[in-house]
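In what follows, structures are represented as structure tokens.
Two complexes come next, and they have one chain in common, chain A, joined by chain B in the first and chain C in the second.
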Partner chain A sequence: MQDLIAAQTINLIYAVTLLAVLSLGLAVIFGLLGVLNLAHGEFIMLGAYCAVVVRQNGWPFLTAIPLAILVCGSIGYVIEVLIMRRLYRRTFDTLVATWGLSLLLRKSAEAVFGLTYRSVETPLPGTIDVFGVPYPAYRLAVIGLGATAIFVLAIWYGNSRTGLRIRAMTGNPELAQSLGLSVKRLAAGTFVTGTCLAALSGVMIAPLVPVFPYMGLDYVLRTFFVIVVGGLGSVIGLVYGALAIGGLDSAVSAFSNGTYGYLSVIVLAIAFLWLRPRGIHVRG
Partner chain B sequence: MSNARLAFVDLTGGYGGAIVVRGISGNVRAGEVLCVLGRNGVGKSTLVKLLMGHLRCWSGEILHTGTAIQHLECSARSRYGISYCPQERTVFDDLSVRNNLTLMGDNRDLGRFEAYFARFPILKRRLKQQAGSLSGGEKKILSFSRALSEGKGVTLLDEPSEGVQWENILHMAALINDSKRAGASMVIVEQNLEFAETIADRYLVLDQGRVVLEGTRRDLNREDLLSHLHV
Partner chain C sequence: MSAAKAGIMVVLAVPFAFGEYALYQMSLYFLYAVAAVGVGLCWGQVGVLPLGHALFFGIAAYLAGFVLIAGDNAPWLLLLLPLAALVAGIIAFAIGILVFRRVGESGPYFSMITLALSLLAFQVTTNWASLTGGFDGLKDIPSLPGLDSTMANYAASAAALVAVLAGGHWLMASPLGVLWRAIAQNERRVALFGFNTNLLKAVAFGISGLFAGIGGTIYASQQGFVTPQVVGFGLSAELVIWAAVGGRGSLVGPVIGTLLIGTLTSELRDTFRFWEVLTAVSFIVVVLFFPSGLVGLMDPVVRWLDGKPKVRDDIEAPVSVRNGAPPRRLKIDQVTVRAGEVLILDRLNLDLGSKGISCIIGPNGAGKTSTFNVVSGEMRASQGVVTYGDLVLTRMAAHRIAATAGIGRKLQFPSVFPDLSIAENLAIALWSGRASASDLLRPWVRRWTSPLLRQLRLRYAFLSSGARKASELSHGERQILELSMAILTEPRILLLDEPCAGLSPDETSTVIDVIRWASEATGCAVVIIEHDMSLVLKLADAVYVLHNGTLLARGSVKEIQANEDVRSIYAGNRK
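Up next, the complex of A and B:
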């Protein structure tokens, strides 16, 4: 019984951390630029394919990280300059544009890689005992790296000069511009950061899930739920959202099955959209 | 006009399709304060927004030491050497007072603000507080100190004294006169004639988007100015 509780606890921590990391890119772009990036899942998918490509060529797993940053960072930059830059503050248009982008990326991946499921061999095989329960080493690494990444991002955003300037830009864009901040450059940097974070989370999950062109659809929904429930504009909100969504999903799935888990998540998200649209943690 | 730090020639502009500024010209030299006076809604703030680049000029020219800058965007004009204090939304509410002051500086050293802290000790006491929690007048003081301390060639202040206590308005006047002696040029929009009289070298009085009176402080008499300030 104790083993079961320990195993379920680690599973819960794992699910929450993973979800929070998957949501980071979406939260950055939505929270700071006001754009709900419907292609978020496709950037995760592209990141995962970077891991596939790297492994197929026999390169070390970690080389997928620079590859994913290069690929998704460039796509993100081009999209920002050509499309997004003209659409900020036009919420509906950004939805249509990013939805179109998601179709394009999905179909392109299908054209290049085909519809088959790929798997990526885990870079950390074996298990490690946690409280007497053997647990996959790679999943533990995901927990550690994910929590560190979120922590570092939160500290950076709260304290760094760039973090402050981003906050200045989102809070009072007119004043930020008259102080000499190039809102264009900051916005482009923010968008690219968001797509790169999505891609990196894609690399991270590649060894854990089947990789295929349509995998992003599920992620964009789940991560959107995290943001809806957690609230925008702070890392704390993101963690709360991931706790609520990931926790509920794992808990319900553990006692019944995955379908009910997913159903409960959707009900929670609808309840939040309806009754508390600004989420658990409201900034300011 | 050849030795003007900032000159604007026949500027027009407004919001959407509505024209507000209808052909205004003026200039300010180094070490000089140009006060823009007029009733509410005559185009004072619009003029300053055109100068800063928050609004696009429909026609006319803006010259910074002789170079046309009207096509530049706001952040580029700032780098050219223009500081700006808006009339509304004067500070970054989410940031602390300290970060409001040091956001664009090369470092977070507060040494360069000592002259401002000496005049406005409240700023020093509230360094860690979020700027959004300050009163309207305190925000004006923060915004004013931030802009003047940037030490740029041209400073545009849009009603800096609004909501500020008289005692602190006098401190503002003293700091403006210090900067002036150091060679700064300023365009200051004001409604408060007593304050304007302590700082202005020249006046530009607007009505319905046009210049109706201009001249040095000595040239213009108080009654004429007042007749354009009150309904």
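Up next, the complex of A and C:
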């Protein structure tokens, strides 16, 4: 019994951390630029394919990280310059444009890699005992890395000069520009950061899930709901949101099946729109 | 010959021009087009993007499948078939009410929820095998009696498409369509005219769901099978692409998009690997650079086919429900409004009498516009009540305050509907308090006029050039258009927020005349926020001075000018 509780607890921690990490990129772009990037899931998908490619060529798993940053960073940059730049503050247009982008990336992946499911061999095989329960080592690594990434990002955003500049830009773009901040470069940097974060989380999950062109759809919805429930604009809100969505989903799915888990997540998100449209954690 | 007739002739010619297989293909794509028209209606008219619209197509297809299978043994059950489409429409309407009502949210949140529901439906239909047949779907669905040949199916699909187009055309030509387009441009302004915008949006979504449902119902009979694909993401996405590329702003746009992209895709998908990448690129390009889509390119042809629009005579509008009712007292009692730590209104008491013209003055940040926002229900008071006669306004929605209390408003920045014509702008104001729910479905109601409108047109000639778009007007003309619209609703209390801002001296003096005339002609009480003291001198029967969210002084213009407190807050300004 105790083992079961311990196993379930670690599973829950794992699910929540993973969800929070997957949401980071979306939260950065939505929270700071006001753009709901519907192609977020596709950047995760591309990141996962980077891991697939690296493994197929027999390179070490970690080389997927620079590859993902290179690929998704440059795609993100090109998209920002060609499309997003002219659309900031036109929420609806950005929605449609990023939706089109998601389609483009998905169809491109389909054209290049085909529809088959790929899997990536885990870089850390074996298990480690946690509270007497053997747990897959790679999942533990995900928990550790994910928690660190969230923590570092929160500190950086609150304390760094760039964080301050970004906050100034989101607060009042015209004023920030008149103070000599290069709003264009900051916005591009933020967008690229968001796409790279998505890609890195994609690399991270590649050994855990089947990789296929349509995998991003599910992630963009889940991570969006995390942000709806958690509230925009703070890392702590993101963690709350991941706790609520990931926790509810795992709990309901454990007792019934995945469909009900998914249904409960949608109901929760609609309930939040009704009751707390700004989420659990609202920043000042 | 009109464009509509040309279209119908093309539809009739297809069976003779192409072979059996093309006919079969067309029958299927006509049904998809029916659903795409629904997406176009929602997105192009109301500005709400449904990302999971296959949901309604699929719900109706499954329901129709059940009915058709059951109807094999009990033919009378086939009479229930129309319910399949209707249920899809009702579900869409319910979702619309549920999501729009609370926060009026119709941007990303709404789109994402429709997307999520469509994915959920895919999971349910895949997993609930005992009912839906699981991943393989419902099979061996008998076709409707009489619809067993390719030709008959083609005729049924074509008839459904023509019917939906005719219905859609009628909606777009009716006042409801005008209100939808107005909502897409400035939802707040529509609500301030007393229309329940969330309900209107839900109606639009419900109708677009119904359209998709009609397509789905016939689909089940025509194809003979229904799989989870019809509720899922793939079809949802394609409906959006077809509507966008064809042109979401018009009714035929989505049809052309569906027929062109749809058939090309089924031709090229297998031979040309990057075809779908290409459609994605064309989607992005169209959405960003050619919002009117392919059909926009054909505009000149359509206009040539349709010829000049006929000008018809105006119709006298019914008398406003508010006509002649004496204004009652508008009382703001101990109202406090906070934004975070900042006190915007601090236990404000304001008794705005019930006749004549009052002016509210005060330095920037005194809480003048916020007072209006509280009265018209756009800003919530954390304490205190606002009453109009014995009506408590504080907890009422903005549109109900405008409609039931008859509180009209002109906003600080001229806010008209830029992409609507002058006539349409004025008509929206006329419908407020006059049009019943069924009037909103009667196209000729767009030709309403009223004595006030005739007099306004005599004063301002530009109001008569009805076909011009409001966006073509100058700043001053837009101020006057919005003022005219506010007057046309025959409000009992008219709140004007800096009606003369940015006007030339000449324009200012005509506006002063109009305000005076309107208050006498309609018997309404007028409350004006104004900075310009010369204007206050000319207009005000009573003056209220706000400072830091409270009432500093009230009285006649003379009394206020003599008031020491007022002088001290305006010190250095000497006005």
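Here, the second predicted complex is superposed on the first by the 284 of 284 C-alpha atoms of A that agree within 3 Å, B and C clash if a C-alpha of one lies under 4 Å from a C-alpha of the other, contacts with A are read in each partner's own complex, and residues count from 1 in each chain.
Everything below uses one rule, namely that contacts are C-beta pairs under 8 Å (C-beta built on N, C-alpha and C of every residue); 3 or more make two chains touch, one makes a residue touch a chain.
Here the structure is a predicted model, which means the values were calculated and not measured.
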Overlay on chain A: chain C relative to chain B, clash or fit: fit
Chain B versus chain C as contact partner of A:164, first or second or both or neither: first
Partner chain in contact with A:95 - chain B first, chain C second, else both or neither: second
Touching partner for A:175 - first (chain B), second (chain C), both, neither: first
For chain A as apex, the angle formed with chain B and chain C - C-alpha centres, to the nearest 10 degrees: 70
Which partner reaches more residues of chain A (counting touched residues only), chain B or chain C: C
Chain B versus chain C as contact partner of A:228, first or second or both or neither: second
First, second, both or neither for A:270, with chain B first and chain C second: second
Which superposed partner A:103 touches (first chain B, second chain C, both, neither): second
Superposed arrangement (fit on chain A Cα atoms) - minimum chain B/chain C Cα distance in Å: 5
Residues of chain A contacting chain B in one complex and chain C in the other: 284
Contact set on chain A toward chain B in their complex: 161, 164-165, 167-168, 171-172, 174-183, 283-284
Complex contact set, residues of chain C against chain A: 47, 49, 51, 98-99, 102-103, 105, 107-109, 111-113, 115-117, 119-120, 123-124, 127, 233, 237, 240-241, 244, 273-274, 276-277, 279-281, 283-284, 287-288, 340
Partner chain C, residues of chain A touching it in the complex: 36, 83, 86-87, 91-93, 95-97, 99-101, 103-104, 107-108, 110-111, 214, 217-218, 221, 224-225, 228, 257-259, 262-263, 266, 269-270, 273-274, 277, 284
Chain A-facing residues of chain B, complex: 52-54, 73-75, 78-79, 83-84, 86, 89-95, 99, 103-104, 132
